[in-house]
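Encoded as structure tokens, here's the structure I'll be asking about.
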Amino acid sequence: MRIGVVGLGRMGANISRRLMRAGHSAVVWDANPAPVEALGGEGAVAAGGLADLVEKLPDSPKAVWVMLPHGRITEDTVNTLSGLLSRGDIIIDGGNTYYKDDVRRGRALAEKGLRYLDVGTSGGVWGLARGYCLMIGGDPDAVQHLDPIFAALAPGPGTIERTPGREGRDPRAERGYTHAGPVGAGHFVKMIHNGIEYGMMQAMAEGFDILRNRASDTLPADERFDLNLADVAEVWRRGSVVTSWLLDLTADALAKDEHLSAFSGEVADSGEGRWTIEAAIEEAVPAEVLAASLFTRFRSRQQHTFAEKVLSAMRFGFGGHVEPGKT
Amino acid sequence: MRIGVVGLGRMGANISRRLMRAGHSAVVWDANPAPVEALGGEGAVAAGGLADLVEKLPDSPKAVWVMLPHGRITEDTVNTLSGLLSRGDIIIDGGNTYYKDDVRRGRALAEKGLRYLDVGTSGGVWGLARGYCLMIGGDPDAVQHLDPIFAALAPGPGTIERTPGREGRDPRAERGYTHAGPVGAGHFVKMIHNGIEYGMMQAMAEGFDILRNRASDTLPADERFDLNLADVAEVWRRGSVVTSWLLDLTADALAKDEHLSAFSGEVADSGEGRWTIEAAIEEAVPAEVLAASLFTRFRSRQQHTFAEKVLSAMRFGFGGHVEPGKT
Amino acid sequence: MRIGVVGLGRMGANISRRLMRAGHSAVVWDANPAPVEALGGEGAVAAGGLADLVEKLPDSPKAVWVMLPHGRITEDTVNTLSGLLSRGDIIIDGGNTYYKDDVRRGRALAEKGLRYLDVGTSGGVWGLARGYCLMIGGDPDAVQHLDPIFAALAPGPGTIERTPGREGRDPRAERGYTHAGPVGAGHFVKMIHNGIEYGMMQAMAEGFDILRNRASDTLPADERFDLNLADVAEVWRRGSVVTSWLLDLTADALAKDEHLSAFSGEVADSGEGRWTIEAAIEEAVPAEVLAASLFTRFRSRQQHTFAEKVLSAMRFGFGGHVEPGKT
Amino acid sequence: MRIGVVGLGRMGANISRRLMRAGHSAVVWDANPAPVEALGGEGAVAAGGLADLVEKLPDSPKAVWVMLPHGRITEDTVNTLSGLLSRGDIIIDGGNTYYKDDVRRGRALAEKGLRYLDVGTSGGVWGLARGYCLMIGGDPDAVQHLDPIFAALAPGPGTIERTPGREGRDPRAERGYTHAGPVGAGHFVKMIHNGIEYGMMQAMAEGFDILRNRASDTLPADERFDLNLADVAEVWRRGSVVTSWLLDLTADALAKDEHLSAFSGEVADSGEGRWTIEAAIEEAVPAEVLAASLFTRFRSRQQHTFAEKVLSAMRFGFGGHVEPGKT
């Protein structure tokens, strides 16, 4: 198939490449001409703008994969495309859009007869080689129509052992993509994926923090251990319960430098972790761990919170306690 | 009555003073001669050492109030006193001893015929004027014997409105002291008091942090408020649900400086907050808030945790994300 | 002054009463005729509907206090009033409206020349006697115009000790009301008040839970205490750090029944606790304790979460662990 | 090699089998004769008691692997063995002993010239086939001596991709076992492994809970998704960031029954999760997620906490709020 790809950052460019490797054709465009040219040199059809890109998609329905940062730029691009496309054409948002924006957008596009798919796309820097895990929301016919595209992008069954009891269930999930539900469902599932990711990362991070601080000389000498964190991470990769890709990555980083001294300790968060908590609250589902994981990232980016000063002020008030650094 | 007071830091000295103001007599000693002399000038009987202090307590049973930092120094002092006192005499530990140490110590002293009372003492810098809230563990007869002492130290009913339905209940609680149970129970109750204190403080602190950051220019202009925190704290002191002494102290600090700029943000924690979590775990009681309150204090004393570096290392691994400050 | 009061539930009715006791006049209406009649019998002017209520406010600017559950009914009432009132008139929303709704509503009303005040009102069942703590957002002139109303509703300075250092600060806060900022600021401050309330309550609740479970016979006999919770709560009311109205209420409840057996354990939450977390997330402020306090309420209303079943399913998967109740 | 194995529950029996499959010989004993007989039938040397077991180990140093529930029974068995063994012999505790008990025990045995190894053993029901991940503490010579045993029990490198940068590092970690440090270090690392496991499980569980409750009819119709959890779990197994063994197990369970209706929702916890928090507290390391994961398990085993009743009692006190179920 031939589809358009708008947005040629790392994700968009590699998606185009993976499609081409599978025998599909990509008409590509980006506001930055460099990646357009580069992809052109790799066999993609370089477009000169959105109108030109749409023009270069001859088949009907046309399909355009938008792979841009969520927010204004995705919104504007979708709007412009909606003026260039015709009834039945398909716009795919492969970015990290908030599912409520998908719902709103899907409704607006449906009024014009356009079909909108929200595709949560996981894979990061590894997607080109490993394939992308795809969580798709939207019209079943459109999803069916684009099945060859999704199948090409997804990792496929690979060497991963089959889950017993999946006979009779949708075979796409085993190939690494799923049609989760109507518009919004794809990004919703991806959002929760990221929420879980935050929690699993934080669990791992706290554990290694406790391991590392076991060497502290404030502890009794025979309860103090100077553990080799690289070896610990490595040993857990085989036969333990915490075996996971996140552990592999941790083992990787610790094998390079057990002190992780290249990392400042400031940790960014993206929308999904935040929206996950909002979704939990809307549903009245307790989500202590996912929330705490988000909050530790907030905390990591500040030297001190105002909350901490309030604590010290109270302690000074009731007990005359003077914290270090008080002026 | 005449009792001995060992340890004349702020708490011990003021306890002596409050006892004397109520007509009792205090025989005082401290390793540091200055407060001994000072208290002597205020009417206390200055002792030249533990043996002299015990000597200067003529009545039987003798009672000595130990008011020292918990741990080694309290342990040693109690041990020394146990060699100087006689059957039926009473040692009071008014410090912040771990209740399991009380239990062990009480058992050892009982074998010598000595009576041990653990008295959780709350009041801080305000105790001399407001009185001390006392949570007492140990032998009922010893507690009864020292009732005049406890009554003098406690705040008394004051102007605080009576709780309906207390008819027929132990009147001591309304006067600010309670006999909580056998040895250890006093410090156990005080420990939980401090655990709750941590949680209430943290709740207050987080709320003021959210209020303060509402002025952030990352927010939409009409959802951004530059709130006067001193006025907010003050207004809540009257008629709101969060009315509390901790709020009074917060209002106090914010009236002096809304930015609390004298405080670095590093917050100490003492044993009680930690032991509270251990007690919860022993009992399998969920204590999310008390634990989180402790952890934020741990976090406040570090520039960055190793956990945060682990997070960044994973993010770099799976997504190529480069956090600020990465080298 | 004479103002209109719409909504005569417990809060609205008592607000009307408190205004009348201070010499003001209230024109009252409610969809339910009973409280209208009742208030009429107490000296209020009974209105036959919103139009009649507006009619019965002779002075300009007219002011109507809406005291209804937040959401649709408040929205509709404000909309109807906005069609009945004239330029410069004032609508007060004293309910628990989401501050973002205030911002939107205030903007819409301003286009019609109407003034909108959002007044966070704390006081519950005690407000009539103690006065209401008022947190006000909106146009300064309108706030100034209604100062006699706010002063009458607020608790006044009372017997609460003055905060040192408040000289030169806005005196209204000491009388129990504050003008927090533009439209939305009042409900924002009230929202955070409730968020803090959740956290303080949860801290207290966890502490008493640990105290109570100390009697468990799974603990070593000499570390097991059968504590009198009513006495513990009572003793903390005097001289301790956790002295607070919430503690008073706890002491009250425990004095009536130490087992609190009348309470099922299901705990409701209202919007404010949820919105507080959303505000924290918008500001990237860590709010572990406030979030955990919300989540425990969510949890309290379920027999079991699906999350717990997922945990058991994993445990069964990796370890063959069979939890109690497994079929 | 020939070693003794004491305790033939699932773990001990399968350890014996895995050793025999690798050509080693096991002298086995259990208080329950059935598994002794069974293992005897599979080629193990059946012992008639501890003395007989020690007798049947001809080589020096003798080595006995104790695989019993932690606590009293392990303690007693180790004590008995210590009376039967000779200088230089080795006792291995493969159970889940608290590392502080190891430290104490190791010291006592060292005084008798015995060597004690604490071996954290992960593998559960899968260990026989997959191999056991081993975390070893104790004397390096003893660890070296038993290397063939550890190598046989561990999973070996398998098909798991090599971590780049491990050249020059201890090769044992890549084969699934590690010598973590002196006595106690093995169980310490295993303990933290379990702590992390709790956190990762809870993250996963919360995520699936939010996914499942997205079908709730309290949500707006177009933000409501009836997601197929089995497919979601399955799709994440390929190419996503949360790929892990725990996810595999979840996919497994959900493929069998999306409602997990066989599971009651009560979740047990073992010592390691609790001790992990204690270790974090000793080190002043924040561990919000690991603690919250423990607390949700505590909560899962109660119908209601007393804390929740305290909350309701306060809400009734300040607001007259009557929760469902109040009498």
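Read from first to last, the chains carry the letters A, B, C and D; within each, the first residue is number 1.
Throughout what follows, a contact is a pair of C-beta atoms (placed from the backbone, for glycine too) under 8 Å apart; a residue touches a chain by one contact, two chains touch by 3 or more.
Heads up on the chains, UniProt names are A, B, C, D = 6-phosphogluconate dehydrogenase (Decarboxylating).
The structure presented is a predicted model; accordingly, all values stated were derived computationally and were not measured.
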item: Chain pair showing more contacts of the two, A-B and A-C; value: A-B
item: Label of the chain whose CA centroid is most distant from the centroid of chain B; value: A
item: Distance between chain centroids, defined by C-alpha means - chain A, chain D (Å); value: 31
item: Inter-chain centre distance, chain A versus chain B - centres from mean C-alpha coordinates, in Å; value: 47
item: Gap in Å, rounded to a whole number, between the CA centres of chain C and chain A; value: 38
item: Contacts with two or more other chains, residues of chain B listed in rising order; value: 124, 126, 202, 204, 206, 209, 213, 241, 245-246, 252, 284-288, 292, 295-296, 299, 305, 307, 318
item: Contact footprint of chain A on chain B as seen in their complex; value: 10, 124-126, 201-202, 204-206, 208-209, 212-213, 245-246, 249-250, 252-254, 260-268, 288, 292, 296-297, 299-300, 303-321, 323-327
item: Residues of chain B that touch chain D when the two form their complex; value: 241, 269, 274, 277-278, 281, 284-288, 291-292, 294-296, 298-299, 301, 305, 307, 318
item: For the chain C and chain B complex, residues of the former touching the latter; value: 99-100, 103, 107, 122-124, 126-127, 130-135, 154-161, 163-166, 169-170, 172-178, 180-185, 188-189, 192-200, 202-204, 206-207, 209-211, 213-214, 216, 218-219, 222-223, 225-228, 230-232, 234-248, 251-252, 255-256, 276, 279-280, 282-290, 292-293, 295-296
